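Below are structures written as structure tokens.
Shared chain: chain A. Partners: chain B in the first complex, chain C in the second.
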Partner chain A sequence: MGSFFIIVILLLALIVSAVVCVQISVLVKAGIALAVTSAILSVIMFRLGAALAAAFELSVCAGLITVIFISAVSMTKIMSKEELAEKRRERNKRFASLPAILIVVFAAALFFFWPHIDATLPFAASAQGDTVQNILWNKRQVDLIGQAVIMLIGVYGVMVFFRESDKE
Partner chain B sequence: MSILFASFIIAVILLFTIGVYSLLMTRNLMRILISVEILTKGVTLLLIAIGYVTGRMAAAQAYVITIIVIEVVLLAIATGIILGAYRKNDTLNTGFLNNLKG
Partner chain C sequence: MPLLFIGVPLAAVLALNLAYKWINEKLALYTAAAVSLFQIGVSAVCIDLSLRGGTIYSLRFIEKLSIDTVSAVVLFTIGLTVFVSLIVSNATLKSGTFNFINMLLMITIGMNGLAMVTDLFSLYVFIEATSAASFVLIGINRGRDELEGAFKYYLMSAIATVLMMTSVALFFYYAGDTSFIGVSSFIAGLNGNYPYGLLTAFILYTAGLLIKSGVVPFHSWVLDTYSPAPAPVSVLLAGIVTKVSGVYAVIRITRNVFLNNAAVCNVLISLGLLSVIMGALAAIGQKDMKRMLAYSSISQIGYIMLGIGSGSALGLAGALFHFFNHSTFKSLLFVDTAAIEMQTGTRDMDKMGGLAQKMPVTGISSLLAFLSTAGIPPLSGFWSKLLIIVALWKVSAPVAVTALAAGILTLSYFLIMQKKVFFGKVPETLENVREAGGGILGAEILLSVINVAAGILFPLALIYMNSIGKI
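Up next is the complex of A and B:
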């Protein structure tokens, strides 16, 4: 039961960091909040026994994506303090209703799921004796080919876009 | 449905609500990317929860790794496009990106 409460606390932290991520007005801080969200998600994955996916999430989503994001933000112009204050006011006004909407959605989801929830202790179903390596290399090679093609397309796309911007 | 799986489903629904609300409300291109990232986090969490409940965690991890690869490529290309748009228009606000007069 203690493990269940830890998972619930981590899920709450995940939701709070996602809300902070969309509500905060400074883009760099939003990027850092996104990294925190990814880090919390990777802790949840690790606790559920998905260690490999957790390592990927932590290194790629919390690391690489944050670096790309902050580099992109650093290439844009800095706002003046007045502009920033005005943007912050406008953003706070636009996102003021988000917590209320979340509470309503939470209540609706709880109302919908309550009759279907049983009070059994949440243990994992027995693992079906397969490894990630076996699935990736022997059963889902098409996924691997797809990933390689997507990565090549990504590299090509980034080269094209950055070359065009260099010419300008 | 166990209480743990219900908690995961509710968390995924809340993450989707945050992502969709932010997508609808924001006008900044980088923030649109952040919203898409949050939606992807919801999908990742759902996959891992289903893998845990059904005992097929290895398959769930394989799918999550594929999603992460696609996510990072999407972000890299989208960042390139956004920076290109910023250099041309000097703004990240979608309200001012009206060169095609749409």
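Up next is the complex of A and C:
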């Protein structure tokens, strides 16, 4: 039961850091909040026994992606204090309802799903005992190709949108 | 054989980029055209093989890809639409053709993978690849409206992604597997006593795919992405991308995973009918040609949903044929729009008139596409709508009659378009307008011929399928 509450607290922390990430007007801080969100998510994954997924989440999402974000932010222009204040006001106005919406959705989901959550139900299957090699190269090789293509598209997309802009 | 559909475009992307110093835009264009023609040829062989011998599996390296008749038809349509998009890009894109061609090849890989996977998670992965490439393609010219359209598309895709990922997790939780066979046999074993979480998974996955399909009420993004996107990208999006990542996935999931579950089929019929009517009604009031075509797409995708929702083999055949037909006639209409915009500099139908005299090929091809969309015999759209209506009649006569009556709405908005754009007096500002060059005419003629030929030859295709015992 204690473990269950730790997960719930971690989930709440996850939501809070995600909301902060959207609400905050300074891009670097938003990037850091995103990294914190990913880090909390990997802790949840560790606690649920998905060590491999947690390691990937921590290294790729909390590590690599944050580095990319922050290096991209470093290329942007710094706004004046007045502009920043204006942006902050605009952002707060636009997303003011977000925490309230999240609380309502969370409460509604809890209300509807709580009676149906069967904590005794065992996971139908898990990857426990499988080697990383077997999962990646034998079981999910199609996904691996798909992921490689997504990365290729991502790299190309960045080149199309940003490198050409620099030239201009 | 399935590996070819991923390997060949991937090899082309790598070759073009590794040797980019020695490759000019023309050579890149020819390479991509060769890849799409190769795909058209191989998928045509696959259609015949699958009709005769069932599913074609990959024997080496990637065993989890397969091609049946449905995926073979989809692969053929992908090849054809990509080829047409390349022709349009040659005529309309002034710069950045090399980037466009690379993205086109990558989106081809995404769509081909999507058409061949046999696993819910893999389906999600390739839908993501297709969406990511679409996002870049829509905003490739970096105009304000284009970037806004791309961002809206990205946001809607993200919502669909969340729904689908949650659903995949729930399926894995219950069935212990994410393969189509594993999940469907688990569902079949329940005999209709579905746990609450599994029902949630059904709803979430279907909702995610319906967002991707752009049916009512998930259609808001369609208008904002089709209209500002560059002409070859509009052709691609309306012609194939939304259909593969939304409609094809709905066909696959409804049939192979949910086993034509009655509740899911009822949802598809309801939303399909709503899309047919709302899309057509909204199209009537449009002034911008591309926006009108976007609403028309919502309406026509509604017909495909109705065919899938009927749950019968006849309905599926109708849906699949309408999938192909809609790709050809909607691509044709977008090519015509690109030609008109190139020559007149506007998409506002109120500023046009009498263009049939100035652009006769565009006028005739547009008329053929419109008659086919409205389901007038003997054009291809007639046969696919006929199959869908007959299949619907067996499920619900009122729905079939309503869908049939909605055809009048289709006729109305296209008649308005024809009258405003092609008939009447030519405005003084458009006196010097001529047919567009750069291969656009070729694309118009090619798609018109396919449209007419598919209609005339369809009875022969039925006889052929009958002779090999498929119907």
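In this text, the second predicted complex is superposed on the first by the 125 of 168 C-alpha atoms of A that agree within 3 Å, B and C clash if a C-alpha of one lies under 4 Å from a C-alpha of the other, contacts with A are read in each partner's own complex, and residues count from 1 in each chain.
Operating definition for what follows: a contact is a pair of C-beta atoms (placed from the backbone, for glycine too) under 8 Å apart; a residue touches a chain by one contact, two chains touch by 3 or more.
From a predicted model like this one, the values you see are computed outputs, not experimental measurements.
Visitor: Please work out whether A:Leu102 is in contact with chain B alone, chain C alone, both, or neither, and reply first, second, both or neither.
Guide: First partner only.
Visitor: When the two structures are overlaid on chain A, which partner does A:Gly154 contact: first (chain B), second (chain C), both, or neither?
Guide: After superposition on chain A, A:Gly154 lies in contact with both partners, chain B and chain C.
Visitor: Classify the contacts of A:Glu82 with the two partner chains as first (chain B alone), second (chain C alone), both, or neither.
Guide: neither
Visitor: Which touches a greater number of chain A residues, chain B or chain C?
Guide: Comparing chain B with chain C, the partner touching more chain A residues is B.
Visitor: I'd like to know which partner A:Ile145 touches here: chain B for first, chain C for second, both or neither.
Guide: second
Visitor: Report for A:Ile68: first if it touches chain B alone, second if chain C alone, otherwise both or neither.
Guide: In the superposition, A:Ile68 touches chain B alone.
Visitor: Is there a shared patch on chain A that both chain B and chain C touch, and which residues make it up?
Guide: In chain A, positions 113, 116, 124-125, 140, 143, 146-147, 150, 153-154, 157, 160-161, 164-165 sit in both the chain B and chain C interfaces.
Visitor: Along chain C, where are the residues that touch chain A in the complex?
Guide: Touching chain A from chain C are residues 6, 10, 13, 61-62, 64-65, 96, 99, 102-103, 106, 109-110, 113, 117, 119, 121-122, 125-126, 128-129, 132-133, 135-136, 139-140, 142, 172-177, 195-197.
Visitor: Provide the residue numbers of chain A that touch chain C in the complex, in ascending order.
Guide: Touch residues, chain A against chain C: 113, 116, 123-125, 140-143, 145-147, 149-150, 152-154, 156-157, 159-161, 164-165.
Visitor: Which bits of chain A are touching chain B when the two form their complex?
Guide: 4, 7-8, 11, 14-15, 18-19, 21-22, 27, 30-31, 34, 37-38, 41, 44-45, 48-50, 52-53, 56-57, 60-61, 64-65, 68-69, 72-73, 75-77, 94-95, 98, 101-102, 105-106, 109-110, 113, 116-122, 124-128, 130-132, 134-136, 140, 143, 146-147, 150-151, 153-154, 157-158, 160-162, 164-165, 168
Visitor: For chain B, which residues count as touching chain A in their complex?
Guide: Touch residues, chain B against chain A: 1-11, 13-15, 17-19, 21-22, 25-26, 28, 30-31, 33-35, 37-38, 41, 44-45, 48-49, 51-62, 64-66, 68-73, 75-77, 79-84, 86-88, 90, 92.
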